[in-house]
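Letters A, B, C and D name the chains as they come in the text, with residue numbers starting at 1 for each one.
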Amino acid sequence: MKKFMALGMTAVLSMSLLAGCGGNNNNEASGSDAKPSSSAASGSTGAKQKFAIIFKNTGNPYGEKEMEGFKKAIEESGDEAILKAPDQPTAEAQIQMIEELISQKVDSIAVVGNDPDALQPALKKAMNAGIKVLSLDSAVNADSRMVHINQADPERIGRTLIQGVSEMIGGEGEIAILSATSQATNQNTWIEWMKKELEDSKYANVKLVKVAYGDDLRDKSVSETEALLKSYPNLKGIIAPTTVGIAAAGKVLTDKGLKGKVMLTGLGLPSEMAEYIESGVSPWMYLWNPIDVGYLAGYAAEALVDGTITGAIGEKFTAGTLGEKEIIADGDGTQVMLGDPFKFDSSNIAEWKSVY
Amino acid sequence: MSMNNKGGSPAPTATNAAATAGASGAPGPAGRPTATPAPAAAPKASLSANIAKFRELGLLAFIVILAIGVQLRNPSFLTWENLNDIATNTAILSILAVGMMLVIITRGIDLSIGATLALAGMSAALTVKEYPGLSPLVAVLLGVGIGIVCGAVLGFLVAKINILPIIATLGMMNVFRGLTYELSGGKWVSAHQMPDSFKAIATGKVLGLNNLIVIAVVIYIVAYYFVNHTRTGRQIYAVGSNPDSAEVSGIKSGRILWLVYTIMGGLAGLAGVLWVAKFASAQGDTASGYELSVIAACVLGGVSIAGGSGKISGIILGSVLLGILNNALPMINVSPFWQNFIQGMIILIAVLINAVVKRGIDRNNLMRRRI
Amino acid sequence: MEPRLLQNKRDFSVKGFLLQWEWMLVVLFLAMTVMNINLSEYYWNFDNLRDATMSFLDKAFIVLPMVFIIIVGDIDISVGSIVALSSVIMADLYNHGVPMPIAMLICLAVGTLCGYINGLLVVKFKELSAVIVTLSTMIIYRGIAYILLKDQAAGKFPDWFNFLGWEYVGGIPFILIAFVVFAILFWYLLHKTTFGRKVYAMGSNLTASRFSGIQTDRIKIIVFTLTGLMSAVCALFLTSRMGSTRPNIANGYELDVIAMVVLGGISTSGGKGRMIGAILAIFLIGYLRYGLGLVNVSAQTLLIIIGLLLIVAVSIPKLKLGKKR
Amino acid sequence: MSEFILELKGITKTFPGVKALDDVYFKLKPGEIHALMGENGAGKSTFIKVITGVHAPDEGDMYLDGQKVSFRNPKDAQKAGIAAIYQHVTCYPDLTVTENIFMGHEKIAKGTKRLLWREMHEEAGKLLKELGASFSPKTLMGALSVAEQQIVEIAKALSVNARIIIMDEPTAALTNNESEELYRIAEKLRDQGASIIFISHRFEDMYRLASKVTVFRDSKYIGTWGVNEISNADLIVAMVGREITQLFPKKEAQIGEELLRVEGLGKTGYFADVSFTLRKGEILGLTGLVGAGRTEVCQAIFGVERPDKGKIFYKGRELAAKSPLHAMKQGIGYLPEDRQKQGLVLSWEIGRNITLSSLEKMSRRGHLNTRKEQDLAKRLAEKVSVKAKSVFDLASSLSGGNQQKVVFAKLLTADLDILILDEPTKGVDVGAKSAIYEIISDLACSGYGIILVSSEMPEIIGMCDRVAVMREGRITAFMDREGITQEAILRASMADAAPQQDQQRWA
């Protein structure tokens, strides 16, 4: 008899559990507006058009900001934004999410690709279903998108970083790069451009000794940085084009009291780096404003959906506060450029560190 | 020692038996030496005892050789500073290894420590962010507390509902990880939001040694005393060595299990705070997959997954070996793409050698028995 | 003593029948379905339900043989890495001009080999538990994948390769058909053949099985090899769905797979469990994820739900036993 | 103040499904050795667990020195001075002897709860000396022989200076001399005023030691007698509930041609130049002390462990069994010593157990024909008359004797002509024993060649056509049916020149 009860209990438990979670998810909706689930959980079926964005992975402030900007743009034009991000930064998970969005018959999908090619079949399927697809930040290949929102020209990033570091170390000495995972596409492109820039004769005395990979893990980034410092005692500068890496490096340099001896620059979140920029461990670093990237993507998506643009070169559209933007060529695809990377130094870090 | 005992015991037993026999004036034959150790029973544990010794020496030797090798490639390896770094970076791992050893001794395993660590770390970080004035000690206690709660939940699932540890921890791993994200709302807590007093937990020094090292050492001393010199400590081994007779001899296995997982949780919580303080940043995905390194450390340290055996000295060596690997591979310019492979190989080889040595000793013991 | 005749009938109890774990899964499945239908208007829709399978069935191919391994009383946590390695080798060969069909065969061969190595190690070094062995091979296999592909992704497969993961046969996703076929094969192997019977025997009492003339070592090797092979099959479908591959694909698959097997009622202490349970579990988790995905439940909430589901599901029968004692 | 130190009245204990104890009575006088007998499953072990507080009785009272007591857990019983030595030695192989002795009542310092290792080692050493054991208390328990482990168990009982010591089949795993040893210890304890409850299947144990005997049957109380006032026969009746006409129904089988010839078989550390032959219809006894290498020889022939030296000839052809399967294919079957661990899948139905070793027979291209399987299982189960409702009952639900019968049935599925039976009646109750003996001699008559490994003299003497006695891995004597006597076997199994030999062996 108690066995039957157990069975019944199972049913009840599972029901309540699942329902409970559904509920919990509704609360989020009413609770914080930052929550992805917010708009959708209420299962609204109004005339509102649905614009979805998929970031690399959850729990990443940079991504939160990008999605926030996207949401802002979409809501300015009175539509509904769906914000998604898998728990692991993998293409597999993103494909699954794209499938889900296709089922929901959204009007547009903006994706920050975990892999340039892997998403192609899924995104193609979406486009065939009449969904407008664009990528932002980290691009997917030209066939699987209509347009790409480029936060900043990879060439410019690469070259500026080299210029920056060589200026810091007075034009001569050994430098090293601390990247994210060996797989990260945009990091790799930037590094390519850095190497190109270095070929310039004026960097004759600047020597790139090693590219290390911190896998965007704190502990690994730290031990990699320490290894750099020990293997290359007269290392002058470190370029870390990744938010985790640069912060970890900043921490190591601070703890080892190498401020001023080893220069640090790269791409990082102001909030993460404020400490080290104010202390001077990293005189300055670069980053674009992720909020704007998302915001621009939002307007681009709107434009694609209401047909003002199709993703062809030369088309123009107004992106809210960012004003008018034009679509330009990018390899065999097309893109919209946000602008140059933004330079953060002791003068302006204070105001930005609270923003993102 | 145990080898001689193994050999030494049976014959004399019998002879003394004869003595007592004479004493109680019993018939002749009984007095004659008889007992040959039942081969089934005899080799097993005495060997594992030998191994325990042998393997640690072997491990030590291996570490030394490795160190020398690296030193030749990169002279800055065996410098006080670098050793200090290794110790500092290994501290957290080794702290967790203590808890994991206890869990494994009871025939369990804990996959959730990475998540617990993250949860505790994040909560502590958020707290100090809100109340910068807060004494770091409070933050530490908070972290430990949260860890203990997580551990207690696991302990309950394992001990009271008796779910298999691997499953229970697998499930709760997801839960804790999820909670961490929920808690942080996807944000990170970064350096400038943490008061220096908090960051000082990990940077501060006590007589030239980084706090982390000191804390680890203290924990090891306490742990050593606990497992070797307290009743509860020994009962942990008892439960792992033979759960049934533990019941019979009135040991509350349930409580012991519960305790073990709670300790593991507490240590994970502590590690969480230290981690966050060390890297001056708390993320949702902190230390994901870290549990594998910890388990590897225990295995290298000779903690038997079958339960019942495992020594503090062993896991120290195990953690140190891993620590050296993490530090050395980048330093001798091993291509980052090879590092995975090498680490895996070293773990595999270590355990295989272990097995082979064991067999060797086994054979020798049999040789000694003249037929 | 007087020879007594034994009854011919197994005494059948309705209770016992209804109490099988699989029924609990069915109940859970219904509960889940009802919930999903209420949550999203897109859920109860043939096309959607059909296409959803495409995105969660790849893992399922590994679940099938993993059931065997766990029934034998071992475990294999290297499957994710085997998927990565075989997929990477296939892609690499193809990019070096090897014709795709051959590359695919080699992919299967690689998976099989990896599995065989696992099996061999587990059998030859009985004093090491399978956890340890596969823990290290897990790191090693993925390590090799990294060595081969370094920081590139390999892909640009011929279009027909998409068929595996994306195309339909008579309106049914090919991957679904393939899975059903394999599922039936493995179900038959486990429940209808001497091999399956021996696997159960080994899981319940290894020594007795050996003394009863079962070649335990051989069977263990076969089971591990099968797992390797099926991991490679998974690699084929996964790679096809991704259109490109890199050393870090299928990261953490082992945990998902094991979770499904356990949820399917296969006891990790060996000897117990049924194929049907595991299959139910696959679809339970798959559709649960999908349904919650439709209402865009955040990833972290999903984590929590899946975790709790696992715990709750496993606790129920234990609670029952608990009352008994 | 009653004359009884321990008294139980109307104890009843029910587990889901089974009534393990049904209104049981028991009285124990101070300084008395009281035998408790009964077939397996008669409820003895449960009874013990009630006394030691592992189980709480559903009904009935328990009096200690006339005071009513009720133990909530083993600790209470320990405090009350009750200690038990369990049937299967319950020790911690990974821990030292000292810890095993003091587990549950360690000596700890007053203030700091520190364990007082030195004190414990010293006391453990003392206890062991008293018991005539000489191994160091720091030895790992797992390194000891079964007999030595028994001694540790007893030391444990002493360490709590128990007034009531319960020995649950302590001699089951011991050789005669080791038993002798144990008897003396028991008597010593009694003379020191302890009361002992002694459980055993062996009548010799009872007659040797006990002054009173209480019998249980089918979890009921049958009666209590003075040992000298009840005859062996009556006792058996009391235990089994019926006469056992003939314990050793040895039928004369005619001995045929040679089936097996073993020449100079040897395995490092276990046995050396073992040679013997086995013929059709013959029962060859293989006896000697536990650890003399009998089991190892058998398993070598059966292909479990490869021998390093020597040849095995099977029907004239040389044969080196690579694996049990290979051996069985040739026609050699083995009934393992430990039926629970090596013989059966306890969690399985009887039927499945029976067919396990011959699945191929019931399958076509791997497909298993369950009909065929069940029929075969049923037929064989009936042939060896397993007491069960159907072949679908779980093996774990059977008594020791019936479990053993199932293992026999399993052997019969394969077409063998050599059976190696390793301690086939170990821990089997009287009733089932004779049944098993019957099966054995029937098999012999039907032409099997049988190797019967056993430590039980009467069994060997009653059943075998020839006996080979082993000592320390070598065969020391062969005897024919006529020549077999208890003394002869004992003489052959004991090392005369042993002491110095042993010294060398362990040097």
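In this text, contacts are C-beta pairs under 8 Å (C-beta built on N, C-alpha and C of every residue); 3 or more make two chains touch, one makes a residue touch a chain.
As the structure is a prediction and not an experimental result, all values here were calculated from the model.
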Query: Which chains contact both chain C and chain D?
result: B
Message: Of the pairs A-C and B-C, which shows more C-beta pairs in contact?
response: A-C
Statement: Greatest centre-to-centre gap (Cα means) from chain A is with chain D
CA centroid of chain B to CA centroid of chain C, Å: 30
Message: Using Cα averages as centroids, what's the distance between chain B and chain D in whole Å?
response: 39
- prompt: How far is the middle of chain A from the middle of chain D, if each middle is the mean of its Cα atoms, in Å?
  reply: 70
Message: Quick check on chain B: which residues sit in contact with 2+ other chains?
response: 177-178, 180-181, 284, 337
- line: Multi-partner residues in chain A (2 or more other chains touched) are 35, 57-59, 87, 182
Interface hub residues of chain C, defined as touching at least two other chains: 146, 150-151, 252, 298-304, 308, 319
Query: Pairwise, which chains touch?
result: A-B, A-C, B-C, B-D, C-D
Query: Which part of chain D faces chain C closely enough to touch in the complex?
result: 16, 302, 304, 323-325, 327-329, 334, 336, 341-348, 352, 356-357, 359-360, 363, 366-368, 374, 378, 381-382, 385-392, 410, 414, 431, 435
Field: Parts of chain B lying in touch with chain C, wherever the complex brings them together
entry: 109, 111, 157, 160-164, 166-168, 170-175, 177-182, 284, 289, 292, 295-296, 299, 305-306, 337-345, 347-348, 351-352, 355, 358
- line: Listed in rising order, the residues of chain D that touch chain B in the complex are 52, 54, 73-75, 78, 84, 86, 90-95, 99, 103-104, 106, 108, 113-115, 117, 131-136, 138-149, 151, 175, 177-178, 180-181, 184, 187-188, 266, 268-272, 289-293, 296, 472-474, 490, 494-496, 498-499, 501-506
- request: Provide the residue numbers of chain C that touch chain B in the complex, in ascending order.
  value: 75, 125, 127-129, 131-133, 135-140, 142-144, 146-147, 150-151, 252, 255, 258-259, 262, 267-269, 298-304, 306-308, 310-311, 314-315, 318-319, 322
Message: For a test of understanding, state which residues of chain A touch chain C in their complex under the given definition.
response: 2-4, 6-7, 9-11, 13-15, 17-19, 21-22, 24-25, 28, 35-37, 40-41, 43, 45, 57-59, 82-88, 90-92, 95-97, 99-100, 102-105, 115-122, 125, 181-183, 185, 188
